[in-house]
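In the two complexes below, subunit A is the common chain; its partner is subunit B in one and subunit C in the other.
Here is the complex of A and B:
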């Protein structure tokens, strides 16, 4: 099979994300990238763990003064649900249903955008209410670098998926764009994987003390 | 899992079979999603209910996070499917290097 072939519901392969050479390379290359991302986030986590609550004097707030459970909980639910909706999108991709795939991707985007809005509100709150900024302490730098890098990944994912939807709006599904959608959904799940560790290590462990 | 060898020679039969398979897989995804939500709820509850010591809560919620990530990787990201040998190697190599980094950084502040 080649990428530009016009396919129908009957001829659509079982694994459209891996049925051309280009798709196979993309799949492998993207997982290699995710291995690298794991190392990147692990070093940011390591830095955060080493610098947590390292502040110059007692006027600075510590992790347990800053974080609030309800906000983190809502953000977690939003991102976790967006992971499920992108699974739905890939389910419809495998069934050669471009319309439903796009619908679920748009829902994923909305949930991701809501998560990002909460995060911006949260950072704004810390800066203005607690004077906890990127330059106020080593703790601040480590916190904003780790959580901000994740937020940046969410923002990039939103742009990526939006671009894919707009670019392929009138084209329908083929073996050229199916791997692109699949790889974007892998990226989105990986963002959720990182968030699971952020809400556990940064927020929950921060509140425990 | 069983999504790779699906050629009976009759395209109609194949499609029916494949649709059923992926519908079944989608049901598994919904179940693993419910489990992930459940694990998250337990982790938040363990912190919200004051009374447990930090020595219990920290390893406990870390364990819950690892379990939840395994669900995410093996079900949502399909690592349980065939043909994920190289992805597993890439990911676990990353995890290994990452674990050493975290170990180094956290022991450095203890001494």
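Here is the complex of A and C:
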């Protein structure tokens, strides 16, 4: 099958993300990339755990003083839901329905953006209420680096998926762009999984002290 | 379309290489750039040995000495050894598995240019108030105290070139998994391909921790964070862990491909199947796995405690087992073979005792209690030069002679090759053998001079004289390269006459699409099997048809160049220079603009049609 070929609902393959050699390569390569990203975040988590609550003196706030469950719970729900909506998008991609796929992707984007807004609000809150900044202590540096790296990944994902939607808005689905949508959704799931770990390791474990 | 037969002007050739996505040309780029940095790192080594040749020498100052040793180590590991190994992986691996190119040709080119600009950036530090001076390991306690911008060059340059290496590794992994020719099962893959595979997996998991370490150091030095600032709660041991979680796998990233090259050489020039093929594969995978469990043997004296030290000591010694398996397999490959002492075979045979010596000192160092005595002395310097020069550099030199005809279509002169070998071999042992004793007698590493009357004079002088021999060896090699290129006597498919694997079934150099028809692989040493049955070449696995090829592109160069520009801005931003922020923005705009272009502009590649392929055949008929 050639990637550029115009297909119809009837000729659309069951696994459009893996039906050309280029697509197979992209699919596998992206999984490996996520493997590398996993090690990257693992290193950041290890650094965070080593530096958690490491502050110069007792005037600085510790994890248990900072975090509030309601805020992070809402953020978590937003991101988890966005993972679900991206699954819907891929469902429609597999059924050759570009319109519905785009609709669900836009919903995914909105949820992701809402998450980012909350995160920015949260950081701002810590800086102004608690004087917990990137430079105030090793704890601060490690916290903002870990959570910020994740936030940066979310922001990149938003830009990436937006570009994909805009670029392919007019031409619909083919075997050239289907794998692109697919790996973008893989990336989005990955971000979600990382957040689950951040939620557990940073926030939940932070609140119990 | 028979591009390789046409004569082109210099400008056209340059443009061709700047935009190429062909793995064979990228291999040549890696070879040239890696070779250049090898000479630069070699000059730095010569300066070190001149300074240490006699006591109380003032050839260079203490500060400059620190810069030279730092740049020597960093250049040799990241900018010479790795790219040279990548050169052979690119040149040979796709041919060995019967592929027409790598899985991501564009990414392959991008990986090269990132490495290249990262390396150039790092070396430009010499021209802007000083090179990095905290050692190639750049321990945070030293690096944070380092004045000037040296360490910033290190941090930024290695990040850029590290990304290049990482994407190169992913590319090789996918290529080997998805693009093997019909019949090329995993257990029929040549050992060099296997070692490329395991090495790439190590790269994938080892480089991210380095990247994180570099990012943290960059944040500390540029943006005022406190990861390594003890008074603010920071901890410099974090750097040591991150660096060595990368650093130990890194030494296997270097030496596994060397093992791969030697495995090919032993089989070829013993004219025998590699002894214990499956145990070789098993040992390679096991070494790769264990390589991640031993990093703290570099930190025995950091104070992790007796339990940690004991665990890491035992794990480290365990690596000796698969390594030993390999040594015996190589010996038994030669056993009963009809051995031909070509230049590559000289290196292979010399590699065994040299590398074993390095392994033995390794096991000595792994005894944690004893390491308190050896650590940070010349004993460690002797150890790692025995494994790296005796293993990796020997393999690179051997590979250069072995694969030169495949890459350039002409053979290096064998007599000159053997002269290079003997000069280098003698020089190497002369330089480093005595350093074991210097270490045991108490000479610390990384000191810029020593006093007379401590018993170090003669040994250091011998060591420095050895460096002269090694330099002469390299000069003869360069002469050999020039003479060979000037004479340019063309050779056929299998110039050594003993080729066993698929790359030797192709013309030298191969056409840009490699295989006109994908070959049918019927066993290990696929080409040798066909030769033994009296056939001239491989049996095709498919009818002659159109071939799909990727388009050349200038974007990889542009993407890497943008990061290079941005890195300059970031560096001078620390001095509050007004122009630095615009420079960062311009650099990032170049990079992201090019990435954006790449992602919105469709690139479907092109097809070579059946008829053109048949014409190529006729071309060759006329030439021969």
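Methods note: the second predicted complex is superposed on the first by the 209 of 209 C-alpha atoms of A that agree within 3 Å, B and C clash if a C-alpha of one lies under 4 Å from a C-alpha of the other, contacts with A are read in each partner's own complex, and residues count from 1 in each chain.
Keep this in mind: a residue touches a chain if its C-beta (ideal position, glycine included) is under 8 Å from a C-beta of that chain, and two chains touch if they have at least 3 such contacts.
This structure is a prediction, so every number in the text was calculated from the model and none was measured.
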Touching partner for A:21 - first (subunit B), second (subunit C), both, neither: second
Subunit B versus subunit C, judged by how many residues of subunit A each one touches: B
Which superposed partner A:55 touches (first subunit B, second subunit C, both, neither): second
First (subunit B), second (subunit C), both or neither touched by A:47: both
Touched partner set for A:145, first subunit B, second subunit C, both or neither: second
Which of subunit B and subunit C A:36 touches, first, second, both or neither: both
Residues of subunit A at both interfaces, subunit B in one complex, subunit C in the other: 28, 32, 35-37, 39, 43, 46-47, 50
Contacting residues of subunit A [partner subunit C, same complex]: 3-4, 21, 24-25, 28-29, 32-33, 35-37, 39-40, 43-44, 46-47, 50-51, 54-56, 134-135, 137-142, 145, 163, 167, 176
Touch list for subunit A against partner subunit B, complex: 9-11, 14-15, 18, 27-28, 31-32, 34-39, 41-43, 45-47, 49-50, 69, 72-73, 76-77, 80, 83-84, 87-88, 91, 94-95, 186, 189-190, 192-193, 196-197, 199-201, 204-205, 207-209
Residue numbers on subunit C that touch subunit A, as the complex places them: 103-104, 107, 166, 170-171, 173-174, 177-179, 204-205, 207-209, 211-213, 215-216, 219-220, 223-227, 229, 231-235, 238, 241-242, 245, 596, 599-600, 602, 604
Subunit B - residues contacting subunit A, complex: 3-4, 6, 11-12, 14-15, 18-19, 22, 25-26, 29-30, 33, 36-37, 40, 43-44, 46-48, 54, 57-58, 61-62, 64-65, 68-69, 72-73, 76-77, 83, 86-87, 90-91, 93-95, 97-99, 101-102, 104-106, 108-109
